[in-house]
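Okay, so chain A shows up in both of these, paired with chain B first and chain C after.
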Partner chain A sequence: MVAAMSNSAAVAASTWVTSFLERLPAPAGELEAVQWRGREALSRQPLPSRRQEDWRFTDLAPLTALAPAPASSSAQGSWPAPAADVFRLWLDDSDDLLNGQSLPAGLGLLSSDEVQQALGHTLAACNCEQHWPVELNQASATRVLALRVSGAVAPTLELVSQAAEDSVMRPVRVLLLLEEKASLEVLQIQLGSACSLSSLVMEAHLGRESTLRHGLLALGEGQACFLGHLAVEQEPRSHLESVWASHGWALSRFEPRVVQVDGEATTTLKALQVAGGQQVVDTHSRVEFRGPEGQLDQLHKAIADDRGRSVFNGAVKVPRAAQRTNASQLSRNLLLSNQARIDTKPELEIVADDVRCAHGATVSRLQTDELFYLQSRGLSAAVAAGLLKRGFCEEVLRALPAAAAAWRPLQRMLGEG
Partner chain B sequence: MIRPDADTLLEIVDLHARVEDKPILKGVNLTIKAGEIHAVMGRNGSGKSTLSKVLAGHPAYTVTGGSVRYRGADLLNLEPEQRARLGLFLGFQYPVEIPGVSNLEFLRVSTNARRMEKGEEELDTFAFEDLVRERLQVVQMDPAFLERSVNEGFSGGEKKRNEILQMALLDPLVAILDETDSGLDIDALRIVAGGVNHLASPENATLLITHYQRLLDVITPDYVHVMAGGRILRTGGKELALELEDRGYDWVDQELAVLEVA
Partner chain C sequence: MSSSTSVGDLVSQPYKYGFVTDIETDKIDKGLSEDVVRLISSKKDEPQFLLDFRLRAYQQWLRMEEPDWAALRHPPIDYQEMIYYAAPRQQEKKASLDEVDPKLLETFEKLGIPLSEQKRLSNVAVDAVFDSVSIATTYREKLAEHGVIFCSISEAVKDHPELIERYLGTVVPSNDNFFAALNSAVFSDGSFVFIPKGVKCPMELSTYFRINSGDTGQFERTLIVAEEGASVSYLEGCTAPMFDTNQLHAAVVELVALDDASIKYSTVQNWYAGDENGVGGIYNFVTKRGHCRGDRSHISWTQVETGSAITWKYPSCVLQGAHSVGEFYSVALTNNRQQADTGTKMVHVGPHTRSTIVSKGISAGHSSNSYRGLVQIGPKARGARNYSQCDSMLIGDQAAANTYPYIRSQQPEASVEHEASTCRISADQLFYLQSRGIGFEEAVSMMVSGFCRDVFNQLPMEFAAEADKLLALKLEGSVG
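So, the complex of A and B:
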């Protein structure tokens, strides 16, 4: 059933955008043109509603309950110290993104000319530059972390963003250009609490034979909301592995989009999302093969408890040009309460004939026989259930970059602080 | 070993149980004392696994009559984990695979749950590794199995060895082994039987559920029970198992038919 938005809700939504735009400072800085563009778009484009197919299951009420405005800086939380092989950047919109550090070998900042040229290119290639959450980011982001990657970068690049105060919005914009044969591991940490909004737009262009290992750990609390977009273009023989995990947001919507521009690349996507309480957590992914012999290995996992709601929509496009594509997508879901909801939908659009595309989706409860087996060895029902949930999460979490361990993803996913 | 003065560990009296609406156990009587090894034999579907699961507390089975006392106290009102901590062990006919849960971690948590109940101290990861490496020898199991997920991708024989390893760690008072011998080749059977013999003592007792005489060639039972139609139809010594091997189960079916008419 498609819920029709009531008139008053529609009015509230447009008021929300108007007052958001009013809170923004005048466009300025290196992203001035982008800000104008985003604001223009927001003033024309209404807030997504559940009448739109793409937002059918995702109620934006938690977002409209917030009154966010961009903040210039905020206090740093008590974060784990970065390990020796981690290069950490704190993305807090302050003027110097590098905080006086010099970049590790293989990483360089793009000049502003290069930024003008490259920014938005991959968003457009992935067909999402006009998406509402992207425009929201463009309207408000004042900085972009734009890096060229050449050769193999040894340390893991860790990008931390935190929105911890009421009425704060933190827009993060990242652009990565991986040259031929370059390789990089990036770990993004998005922390949100109180009545805050975190917004992420990341673009990455992977040159031939380059490798990007990307991890995103999105950890929310309370009323905090997260809207994220990841757009990746892959040249032939490049490798992308992107692993994301989301927990604790009142509303979380993440849209990874990958285009293999000429096929022949490998894409691995792994995700774990947890919705408890009244939370809504939504992933809309899309992988498009524009040439032959591309590969996709996608695993999406979700846990829904209490009155939580999990949404997954996984689009895979295999046009005629993409012969001999080998794609697999698996959605595995754990339903832990009668009031929780899981909506999972593969969306395979396959025109090429010589392809292997496998997909599957399961929704299950904790298995009685598994619980009983553990209990029959002396584990209490609660401990047994905890172990089973942990086992469910581990499969995805152990694929995160090693640097993620310091943020204790497993404990966070299980709500153990 | 039969000793008249041994403590009674398990006393099952007129036990009835059903799954959904289907009665399966129809009056089981069985008393097991410390030091004894019992074998329960019977055709497929006679209710052997049901008996073992009812004793371990599986939620799918409802007890509709009778009683079970474990060391003098009511067993049936205990949660499955309490039964395990008190020393009741069930070796599963079909051990369950649990993806993502480390075998080592699982073994440690369960061993500690039992140790705490016995008033022993909890073992930390290092102390536990020492213990588990020592107990691995009982079943001649490769330590590599500790690093894997519980039973995941184990062969049938490996799963059964993992069951006996758990038994070796949990040090049960009453071990019920449900067809631990089925699906084992002769070498694996010797290893598993060797483990069971090694762990048997005058203080504990073993209930072997099996189809085949061949397990009883390597583990000598004090009592053999024949189960049919949800009851124990006859009890004897080890010669009863030999008789079953010779004569098959047809005579059991006939006796059961007489009983059910009556």
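So, the complex of A and C:
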């Protein structure tokens, strides 16, 4: 019986991939070769199954319920106007990614030769170029936003992508090369609604002493699904701060992977994910230190309410070369309903002996003594709970680039419109 | 810091239990088939229900695959190249110890397990298992006065079949996992403990396992049942001779605690771990699980793992009764090429269940030591609490320490806390101790035993001292 069921599930999984591949237009454009490779890989590799350790807790049913195909976008939604110090790019499927604007000082497009050379390099370094969601993106993305960053870029680069119609897939591919001492702040906004699929693959190579502040705000609605992948290579003395927040997707899975190629870099990862309704939200992060004296500070927060499921898997690898690494990881989870579910799994693999590595995880509801305190000050139970949830979320949301405030993430996450 | 007194200069102490007892052994042919399962059952003269249990398990085993998710590497195990039953040749189990083959008694004397009761000073009853059979159980009469049954599982099958039928396989079902299925099909002996209602077991119970044959797998099965209000403390020890082949040890331990019962299960595991190049040693694939079936029941696992080439072991608690308590205290030490993937599962089913996990891993040499734990809070476990702490100590830059704690919660009124840290024997701490006139190796061993103190405090007293010494011994030559 069990065997029969898993067989039929396997058949369904491979049919989903086959019909997805059939819906794709013929490979063309600058990413033609990549598309061929991705399609070939997908045809050999059906949907990940829950028998694979990495996908054990992730139910892909919301994804298989969709029948997405890449399509050019219709009108943009009612977005907040960008602030003065924000340079916004709308990543739709049009030919001109810049929409006729000229890039701010310090940013330049890579030539197609450079793209050929650099694309996929960081994915390979992070050992995830054959990862299923990456192949899905590679099979379908026709454009890549490939930027070279030199010096300090003043405005915040805001990249907006939206998938708002049924059966639409929006594959976004970004490549950033930060030269020595360059610095950049990027805010990515992923919007999804209806029965759409958003796919993001971003690669960033951080040269020596460069700084990347990266924010990803993924706001979904309805049946929309999001699969995101971030691969970062850090050279010595570079700084990465990546903050991500996800809310409202039927299925959302984000996989940040960071490699400190020669150590001595600092990495800060912060995340907030909210699962309500019957949503599944999943983060699989992985940080690898390949040299000495690297630092990691990771905070992952999750709220599961209603019948939502939250999954976190945080791998930290400290091989022998990574002496004097200082890594800490904390997973804090709020479980607010009887039918919600939290799965959290830190994963530490350490071979060096002179390191400080600590991790912690907690799962609980709101603290009763904190609620009591607020109520004793005259707040109603609901207001008190709202206030505590707000505090829980803000710790992460405040770390997003300032431009994120215009998108009102906190209000959306707390359901305040 | 210069370590002129480096422990590395000391002669590494050999594994002192590595001798082989030369005794005539009754072995069956190697290989595993349904006939072998039937043969084992008939040699032990078992009732039909047990044969059916074995055959069902064998069929299930055939359909299962060896698990590969653990962070362990070993060449494939050929299950047909192994002998599934070996017994020292002697007559039926003896009425008195005087009739037991003196060579066997001598073996256990050498291991420091005196079976002759007049020599015993401490109040511990022992069941000694040699290869596939139990050869002696001490203090049985005295225990019987209190209604406590302590015997080998083979005897229990003959004398108390109703208890075996009621409890065997109820905690670890035969299809639980690959190695549990294998064990269920071919288990040869082990201990059975039954503590009746309201009885506090008057002495510590202990089983000592000895593998002697070079090509034999040991598949023992232990079943401990504590009825309402009963309590017992049970110790397990194990050694094996040195061979340059690997022997398989796939045991199953089941604990059942009814209302208000309490079981404390302690293990000091010292199988042969192979030599410094990883040749030989025991493959230890063990399934241990306790079931807190009754309200307010209590199961505590304490383990000190120092041996085995490979350890795959997750002593677990299923906390079903309301207000039941599960505990897991573990020290796992790996040196040379040893690999350990060990941890626990705490499955909270009933309301207000509580569990504590304290795991200390020490990795030295080229070894790898993983903690893998699961804390699962079911939807009905209102008010459940878990606290886990797992610390690793690394000695040398070739050893690996991995931590994989899984937490799954479906109950908002439960709270789960997990923390983990990694440290090493720091040069300044060593320097401080040495500046106070404490020798290098003594300083190392003080720091290691300080690191493990939370766990050693849980061990029965004689065991704690022994465990402390064992760790110091195993670490000799690895710091410096």
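By definition in this document, the second predicted complex is superposed on the first by the 412 of 417 C-alpha atoms of A that agree within 3 Å, B and C clash if a C-alpha of one lies under 4 Å from a C-alpha of the other, contacts with A are read in each partner's own complex, and residues count from 1 in each chain.
Definition applied: a contact is a pair of C-beta atoms (placed from the backbone, for glycine too) under 8 Å apart; a residue touches a chain by one contact, two chains touch by 3 or more.
This is a predicted model, so every value here is computed, not measured.
Engineer: Output check: A:L374 vs chain B and chain C. Expected answer is one of first, second, both, neither. What do you get?
Structural biologist: First partner only, chain B.
Engineer: Pick one for A:S337: touches chain B only (first), chain C only (second), both, or neither.
Structural biologist: Only chain C; A:S337 stays clear of chain B.
Engineer: Comparing chain B against chain C, which has contacts with more of the residues in chain A?
Structural biologist: C
Engineer: Go through the superposed model and pick first if A:L388 touches only chain B, second if only chain C, both, or neither.
Structural biologist: Only chain B is touched by A:L388; chain C is not.
Engineer: On the A-aligned overlay, A:A12 touches which partner chain: chain B = first, chain C = second, or both, or neither?
Structural biologist: A:A12 sits against neither chain B nor chain C.
Engineer: With the two complexes superposed on chain A, say which partner A:L414 touches: chain B (first), chain C (second), both, or neither.
Structural biologist: Touch status of A:L414: no partner.
Engineer: In the superposed arrangement, does A:A67 touch chain B (first), chain C (second), both or neither?
Structural biologist: Touch status of A:A67: no partner.
Engineer: Looking at A:L103 after the superposition, I want to know if it touches chain B, chain C, both of them or none. Which is it: first, second, both, neither?
Structural biologist: A:L103: touches no partner chain.
Engineer: Where does A:L21 make contact in the superposed view: on chain B (first), on chain C (second), on both, or on neither?
Structural biologist: A:L21 contacts neither chain B nor chain C.
Engineer: Is there a shared patch on chain A that both chain B and chain C touch, and which residues make it up?
Structural biologist: The overlap between the chain B and chain C interfaces on chain A is empty, containing no residue.
Engineer: Which of the residues in chain C end up touching chain A in this complex?
Structural biologist: Against chain A, the touching part of chain C is residues 69, 71, 377, 379, 392, 394-424.
Engineer: List the residues on chain A that touch chain C in their complex, please.
Structural biologist: Where chain A meets chain C, its residues are 53, 320, 323, 333, 335-365.
Engineer: Within their complex, state which residues of chain A touch chain B.
Structural biologist: My answer: residues 367-370, 372-381, 383-384, 387-388, 390-395.
Engineer: Can you list the chain B residues touching chain A in their complex?
Structural biologist: Where chain B meets chain A, its residues are 56-60, 79-81, 83-85, 90, 92, 95-96, 98-101, 105-106, 109-110, 113-114, 117, 149, 166, 170.
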